[in-house]
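Chains: A, B, C and D, in written order; residue numbering restarts at 1 for each.
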């Protein structure tokens, strides 16, 4: 495929370039940056030496990009991505859009506008939510993909079987998530300053993180009814990795075996979901650099709760990897193409 | 005070030595180790050079230790501490015992025996639970202190005001805690091997960690009724620090101001508890090396839950610091003596 | 190729498995462990789930292993590897041996015996030192490869052009190296205990590290005369990565351009050596997970010294990656096969 | 003493505040910040809650500050500090100035101007270089102290005895130093961005770091002759700590005992210098949070070199701690006052 990446210099863009460098069907045409157009990508990211010598283009080249590309990945801040999506599909209705930000994740634009504080300017787009395992059949025919957030991918995958098979009380859902610092991007801030983050842990955006409505929308759709959750993100001193620890009250009479069966029914054919089983502990390091999502679950008989835990690499299954997985689906490739390698451990 | 430390070569013992080195009223008499008796403590812990030149004694010296000491800190594995406590108090009924392990933490020995799988051999001891802020008046007159666990200290301090003032549904308590690796001690294990822990995060002992019954017992006592909780510990790649993120359903009609007032009522006179307030985020690094417990809380109107968060240094307020705080209370010293210095940041 | 790995449960073995999982010509037949035979490799290393389901064999299976394999990688402690090499080649003279330890690295067995304190028991082996870029033509026809040490790979690659083109005073060579903890392996020790290593740095084995004679032997061979060096290893709190900072006095009249030319002449056709150039700074993270060696150099006119710096991933170019590179050379595959992917950054 | 800190919001300022909070003779009057005047220091640094409630003043208050203070610590960028020093001493000739930057470190202003690219505007100041152990008698009577740099403190202390007792070839000095990220300050930069620094190591400013001429000037003064050195700083992923690994050629006939004796002669009465001895390995963690400098040395008979290693906490002995040590000397206090506590380990 002929591929362009609009907004390629953030960590998500760099991760796309890393993955696509080994993707047998990928040809990267254009990569853009508004802050450093004209610079070689290997100057910004020397680790990509030997793989790319491209010079960064800019959005001024969008017409050319849209016309020549079969698929455009967008790594821009929310609000900007939908503008690119709108224009690019107008220029070339055949081009596929995979946006790694939030602009195309919400069917209900009002929720998007409420949480993101901007007007949605591409409401006519028939975007599909790109959590591949749950929306594969829609992804197949999609023109525009809203690629899921990192926290949401891990959290939804952990909880979806419980919700789908109606095993838990929907009012009881609590997600306590821990993320590495790469999730905050490459932009400078005191919150990502080494000495502030190192040897420390904290929660942030409690009851206000924007991945909350995304999780609610998807789980609510699966449940067939609206629901609200508690989602608490934490920053831990690692570069990559998300662990989502999810709590729910089991409905009366739900047996451990019924829970196990729900996970198997939901995921047994899924290559990228590794079900570790009941009593097992996902470890973020076991997924490092890969598109895998490891899931384990625990039942506490004393309290009647299930604790479901998912681990992913936030930059891969939580961003660039899932984006490539979606591209593979759209273009009828084996879904594993370019993504089938073992984690970097230790 | 004349002080001895039985089991001094673990991290808790080393931390006691660090703190006592600057305690104006402390005189360390004996320190013991069963694995390395006869060795100088500065050979095992070179950082203590200039502060200690003592050679390690062993339990064979217990009679001498008990007779000459005014207070004995015990840093032994559970099961062994109560034996030392029993013998030492028999030898010298005046000596005060502060055990940093679990043996003296439970009023209900059956719960201890059930979770720790050993028979309690010192049931006649009238031990006091040494969470100083909650049991100060009993600590004052105690002969034996069961010093609280690290997770329990943070978790109980975060939740106690909510339970005490009956603001939350007691069936809804969930504690999601994150700990540094020093909590696992200095004993070698793959779980504490650098390359396994670094750049990773995982949960462990879900629904089975031994701090669970300790938290339940204390919160239950405060509530005046039995309760069960979910407690999920996580290992994060830092040396020190615990963050306890606690979830509870607010009872109908409880206002944010009532919550704020409960925290103030519970802790406003407490030097070592720093109430950051509603909407604030405790950060473990802000407590590093000190006896402080930082607490913040958040109310989610959408779900009706409160999220209370506490941060401590697990080796100080979660172990050695609180032990010294208890010693100060017992010996009628200013509670801050030897503990009143600023955190090491960054 | 039909491949077996003897001693597969250390980090080097796990890294071989990771790399071979994506190698198009590799078929892993047997993997052995003396400590855990009969266990599934995915139980020891869950990150390998989806890639291996093999059960660990043991050295008791050596006859079968030697007969059926085309190449055997050895990941055993020194002293044991040469025994396996001797027996395996006796059983099957066609099988190729690639030893990742020290047993086959020294042409001069006396030096080996002096530094490693064991008798060499396979002196008749005509082993080749597997620093591919320097010994490629010999590797091509080798039956037994002594795969270089991690420190030695980085250090020799940084210094070889300077020595080869006689630009530096051979009496002035000093190597100050920094390594991640994975270099110490998966065996438990206080020196690899998380809390001891984290937030700290130290030197070790000064003037006594066993990679010293290995570097001396190779650089001496290149120079055509014996030489001694200072080599100082340091442990830094990362999992992967070696940085070798190498000092040498430039001979009188050597121009910066002559230095640049030496590096180009030595390495310009080498895919895995990325010459960053004069004034550039190699960063270990830029090589993470890959077989690249990044080299930069600096000339200090004030002191007349050159400072040459090399960065590698100790488990890849410093161990398993270079071993696979050598295998590719031996079997006439493109040297990059299975190794041509981008580093995991950040 | 009445103390003010001009430029208090960097890490050095915060560390001064931490130390002074436990200094029995210290009274902090004014603390300033040009970027955040009017803000409470505990808002910027919540870890200081319970110790300071002060609101930040600014340089507009310098007259008041100079008149009311007995000592002013300056934590400003170079070029600015000497302006404050000049004005403050003009306002109040009695006030003592301790500058933690470079402005007052050089007797030879031409060297300062050459390396720092600014004109020196306070040349008439009779400043003393505040490496306490080497310049104590001058510090005692100094009005203005140029407090040493972090790298320079560790490096000079490691090499000074060898230079003083003429044991080494002065042309052979090489310093390979490793520093934590706090040395780069709290200002945001990609070089201190968590995800860039973590799990990585690199050299920087090779042959050009500004601590080079500082080390040369002091060692040259000790030697009684000019000298040039190689100094190579490295960034390692820790918050605090510097390890200086120093190489020198021993003169012919210098015995190991003569080296040992030189270290003892130089430092045996020094409380803050802990001589670990020949063959010992300083560890930065063993000095964490304290004013100690740990020194060990190794002699390599094969090459005739000595490798001397020093470890410090860059923010304490490398900055704020030594500044307080100097204040103690100036005001005739016990030099250990406020600095005599054990390191935070682990």
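Of note:
Keep this in mind: contacts are C-beta pairs under 8 Å (C-beta built on N, C-alpha and C of every residue); 3 or more make two chains touch, one makes a residue touch a chain.
Everything numeric here is computed off the predicted structure, so don't read it as measured data.
Common neighbours of chain A and chain D under the contact definition above: B, C. By residue number, over half of the contacts seen at A-C repeat in one listed pair from B-D, C-D or A-D, namely B-D. Relative to chain C, the most remote chain by averaged C-alpha coordinates is B. The geometric centre of chain A is 39 Å away from that of chain B, both derived from CA atoms. Chain centres here are Cα means. That of chain B falls 36 Å from that of chain D.
Inter-chain centre distance (chain B to chain C, centres taken as mean C-alpha positions): 46 Å.
Counting partner chains per residue, chain D has residues 11, 182, 195, 198-199, 237-240, 283, 285, 288, 346 touching two or more of them.
Against chain D, in their complex, chain B makes its touches with residues 11, 14, 17-18, 21-22, 45-51, 182, 198-199, 239-240, 271, 274, 276, 283, 285-289, 292, 294, 340-346.
Residues 174, 176, 178, 180, 195-196, 198-204, 206-207, 228-230, 232, 234, 236-241, 243, 245, 247, 281-285, 288, 298-300, 302-303, 305, 307, 309, 311, 346 of chain C touch chain D in their complex. The touching residues of chain D, when paired with chain A in their complex, are 11, 180-182, 186, 188-190, 192-195, 197-199, 237-239.
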